[in-house]
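Two complexes are shown next, each including subunit A; its partner changes from subunit B in the first to subunit C in the second.
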Partner chain A sequence: MTATLTEPPIATKPTSAPVRERRGRGGATRALWVLPPLVLAAGFFLYPLALVVKQSFVDKNENVGLDVWRDVLNSPSFGDALWNTVKIAVLSTLGCLVVGFFLALVLSFVPFPGSRAVSRIVDTVLAFPSFLIALAFTFLYGTAGVVNAAADKLGLGEPLVGFLYSPWCVVLAEITFYTPFVMRPLLAAFALVPRERLDVAASLGAGPLRVIRQVLLPEAWPALAAGGSLTLLLTLNEFGIVLFIGAKDVTTLPMLVHAKGAVTFDYPGACVVAVVEVALSLTLYTVYRFVFSRTGAGRAGLVA
Partner chain B sequence: MLVWSRSGRALVWALFALVFAPLVLAPLAILGIAAFAGDWNSVLPASWTSENIREATAGTNYDSLVVSIETALGASLIAIVVGTWAAIAARGAPRFVRRLTDAVFHLPVAVPSVVVGLGMLVAFSDGPILLNGTKWIVIAAHAVLVVTFAYSTVSAGLDRTDAAFAEVAASLGASPARVLLRVRLPMLLPSITAAASLAIALSMGEVGATIMVYPAEWRTLPVSIFTLTDRGKVLLGSAVTVVLLVATLVVLMVVGLLKGRVEERRRRR
Partner chain C sequence: MTAPAIERTASAVASAAPTESAIGIQDLTVRYGSVTALEGLTLEVARGETVALLGPSGSGKSTALKAVAGFLRPAEGRITLAGRDVTYEPPNKRGIGVVVQNYALFPHMRVADNVAFGLRARRVPRAEVGRRVTEALDMVGMAGYARRYPRELSGGQQQRVAIARALAIRPPVLLLDEPLSALDATLRADLLGELQRLRGELPDVAIMYVTHDQTEALALADRIAVMRDARLVDLDATDRLYRRPPSEFTASFLGAANLLDARVLADCTAGDDAVRVAVGGLTVAADPTGAFAEGTRALLVARPHTLGVAEVDRADTLPARLVATQWRGADYRLTCVLEGDVEREIRIDVTDLAAVPALGERLGVALPAEPCVLVPAGAGG
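Here is the complex of A and B:
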């Protein structure tokens, strides 16, 4: 009896058997085909990274040791940059989550004529360079910018003097640029929520806020986690926006790498900052991959 | 339906407009205005001019535009070839090789672009491969930064295509090369062109790694824009930014047209 039960599956697979056999034999040669791209990646990406780590332990006079690390870590500019980087990244990510959740909610569940066009615009922003937002902000919020000029005409004085060069302006610019990264997985997650569920909840007497809290938030949670951690990673590494706003007091770790590496040619110092920065973002990236593989939310439209 | 009353919906929409307009619409609109502004010291420009756009497409800015397009096409081509190769080859490889390839090709997204640039400077300023001071260091840095997107887009495409087609072709006696060229790559064409478009768009706007490594005679458009705005020439900078966006769109449209023609030719065969 057991024999007849196990027989059919074996009998239905005669055609795939030779293919599988061939695959088994070619396993080693197939693995060899991965070598050329892997060698290129190692040579042009991993090897330079390893050299960055090595260089951070060798000072300008070719002495090996922890001197460069001690100097850089003790300098006030490094502490400031580290604090600014984390502060700006966390605030921007929180802002993106709040704004992205609200915008995605309206686009999905309170649609209006033209909401598709709005989704398109949001998608386009994803392909733009980030410095574009920073450049636009100089016209909007600069000392002679549109907002100040308008406020002046209305007799309000110039309320935003200095805003352009504050960390808040960088945060606002990053929220503008990175909100789409939160919205995309959210829109995909919301698209899967059956509309009937909202209708039923409402017919049972739940108000909009309760529906959001008890019906939508549980569905949105994986997308929020994946989108949020990706945004945190990207904002930690953001360079273009900070560079273009060009505030002297707002230095971040990538800015410090640039200043040391490309302006003063202090390669060892730049390498120390780079190692710290990479360690920070790799830790986060591991968390992101973990969330991503657990929920699959990253597949909802994010590339990484 | 989340909000049922008409007044409630109006309130939500008003709030939406209040968030969306200043945050997304205003920055995009303002650049377009700035590109054509002659003199701007008040709420709206006092005069309009096309002089900035003319200057943005001439002289050194034109040279930078050509450099940007060449860099984007070169780096994207390298990234697409390497990324597609890695994605396809990783499929047939043993599990641990596949996971290793996955990790290596996903890693650049977690590394800041300035650090990629710094690595290039440290690794290729002397020694056997001397790239510093040549255009190749810019192209290599861009290729490293965009290869992640090529790899993951093509990998996702492989997930969606049915492996059975390739197996059937092989069982009918097609050689591995023929299976690759006639079955697998054509089936991946949509992913490959999507990856190419993404890579080109990212490369055209890249600033972090480029500003670390660029030699004087190979300055991309975003670096030129930064130099302009840094010197206070913000209106000209905006005009060059608009030129950059238009150029990117044109290149992407050409990629789309090429894809259409390849598909057309295949259908006629």
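Here is the complex of A and C:
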């Protein structure tokens, strides 16, 4: 009894020398692994970002202050660009969610010849640069595009399709390009839903819409939210499609950065817009992480 | 091998000839592309009757069930429910309760919501839904788990909920597709007992029970349809099919019977009480399941538990050599090779073994005193 009481508790036992040595070696190895990516991140991302932030507070006369921010934030062009950016991103994301959900549903549960090929094509689209879609739209729906040329041959008169230079064309192009970003996680989620679950739901008297609403959608929600959030982030920052479409009066934040930086050479103004764009993206990403950690999607491996 | 319960015999014989048809299947064929998964199945299940579709993997039994449920579109044939043609009706219009092997519970719904799903889909009034959910959960002993999610239940409990969900809509037809296959042996035995009890509480429900496990089929079914290679091989009352299997395949699949080579010594028909056959060096009486001409080669069906072991030099036994012994708690399973022109491996289950024979030891295999069933050789079904 006495011996037990006088013996030091296990938790406070001093760590033996070999264990300490091993831990020391392990820590050094970890540091060696962590250091290169940290250096790369600092050199290629954090430092340029810091420069952009710094530049946004320095006006053309090298005076440091909030004047540039005040000028940019009060300008009508910034307000329009912000509104256009949010409007196009939200509409595109909603479109992607609707179209992506429907296509993923068909590909997963309505087998047809060639469905695997379509699935592969979806994967391929993910690797394309976005401006390709804008270019394709120009060939298809431009004044001298395929659709209007065919309409002209059929004697339908005036250009049949004239929406190429409207904001709606930007939205349509973004839906076309970003829908696979919603479909991919959805296809993965649907692949995990046993077919029997849908069959049994139907046998219990549920029609197709009820099965989709009450059985499939709850299971697809994390994937839908993940794909939708990613699409919203990407469409907020989309530049190639907007530039190539060249829609009239459609200036988004990335376009404004480009205009200020490369056309009017207003670098401080470009930096302010860029910082706003980054802040917008980071805020959205934070909300996305927060929502997912609360809904449990993170535990399902849908949030990195 | 467990012999079928004696109390089943009466009901099995009584329901051998279906009266009021709950499920009618005529010449049903299902194809997956160029593969025929089910060919020409014809089967009737009467109201209150349980028919087991028994067969190995790929025999077409689950395909038949899915076609009846409406999950698969048949290439040919006709399906009726209580006389109504439902061949091309969607599953949600058929009013059938379905229970599958992997439970197929909705993971995001609590147990009560799972059970209520079918009732809500049928727009049953809210007050009625609550009452029927409680009633269905009570039936399967899960009333205390209504607020839980499926992930919080064991496999056996999940399957009980799946059964309650199917029963809540009060279906006239219940389809069970290998409902016990995903459970461990103990749970399977428990739930099999539960299903037997439920069977008694649902006297008007027609049940189609798909399984590859003969014990489940013997314990639950009034009739058994034995299937093989997408076709129906044999269909009869459970008791009769077990005691007088009409084919080599059914004899070996249902009850894992030994099939001993025999030569018929006199012409006989299925109605004859017995016919003399030569088995090895013995001449014994056999119960013919069909007409056999004198000199025909046939197979004598002997269940492992009906055979005995004796000294090798006894005149009324077949000489054999022991190749494997398996102690199974309640009995020993001896695997022997019969000596003779054609060496055939047979299994003998013995409970009272004074001393376990050594491997390689010669012993005598004693045939049962009652005549064994005689089936045609090579007609595996």
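Remarks
Throughout what follows, the second predicted complex is superposed on the first by the 246 of 304 C-alpha atoms of A that agree within 3 Å, B and C clash if a C-alpha of one lies under 4 Å from a C-alpha of the other, contacts with A are read in each partner's own complex, and residues count from 1 in each chain.
Just so it is clear, a contact is a pair of C-beta atoms (placed from the backbone, for glycine too) under 8 Å apart; a residue touches a chain by one contact, two chains touch by 3 or more.
Here the structure is a predicted model, which is why all the values come from computation and not from measurement.
Of the two partners subunit B and subunit C, more subunit A residues are in touch with B.
Legend: residue contacts after superposition of the two complexes on their common chain; A:S229 is shown touching neither subunit B nor subunit C.
Applying the stated contact rule after C-alpha superposition, one finds that A:L46 touches subunit B and leaves subunit C untouched.
Shared-chain residue A:R210: touches subunit C; no touch with subunit B.
Of the two partner chains, subunit B and subunit C are each touched by A:A202.
When the two complexes are overlaid on their common chain A, residue A:P194 makes contact with subunit C while staying clear of subunit B. Residue contacts after overlaying the shared chain place A:T85 against neither subunit B nor subunit C. Look at A:E219: by the touch rule set out above, it reaches subunit C but stays clear of subunit B. Legend: residue contacts after superposition of the two complexes on their common chain; A:F239 is shown touching subunit B, with no touch to subunit C.
Overlap of the subunit B and subunit C interfaces on subunit A comprises residues 199, 202. Across the interface of their complex, subunit A is touched by residues 66, 69-71, 90-92, 94-98, 100-102, 104-108, 117-118, 121-122, 162, 165-166, 169 of subunit C. In the complex of the two chains, the subunit B residues touching subunit A come out as 1-4, 8-9, 12-13, 15-16, 19-20, 23-28, 30-31, 33-34, 40-43, 82-83, 85-86, 89-90, 92-94, 97-98, 100-101, 104-124, 140, 143-144, 147-149, 152-153, 156, 167, 170-171, 198, 201-202, 204-208, 211-212, 222, 225-226, 229-230, 234, 237-238, 241, 244-245, 248. Of all residues in subunit A, only 15, 18-19, 23, 26-27, 30-31, 33-34, 36-38, 40-42, 44-49, 51-52, 55, 99, 102-103, 105-106, 109-110, 112, 118, 121-122, 125, 127-133, 135-140, 144, 146, 149-150, 153, 175-176, 179, 195, 198-199, 202, 208, 211-212, 233, 236-237, 239-240, 243-244, 246, 253-254, 257-258, 261-262, 267, 270-271, 274, 277-278, 281-282, 284-285, 289, 299, 303-304 touch subunit B in the complex they form.
Here subunit A touches subunit C in the complex through residues 194, 196-197, 199-207, 210, 214-215, 218-219, going by the rule given at the top.
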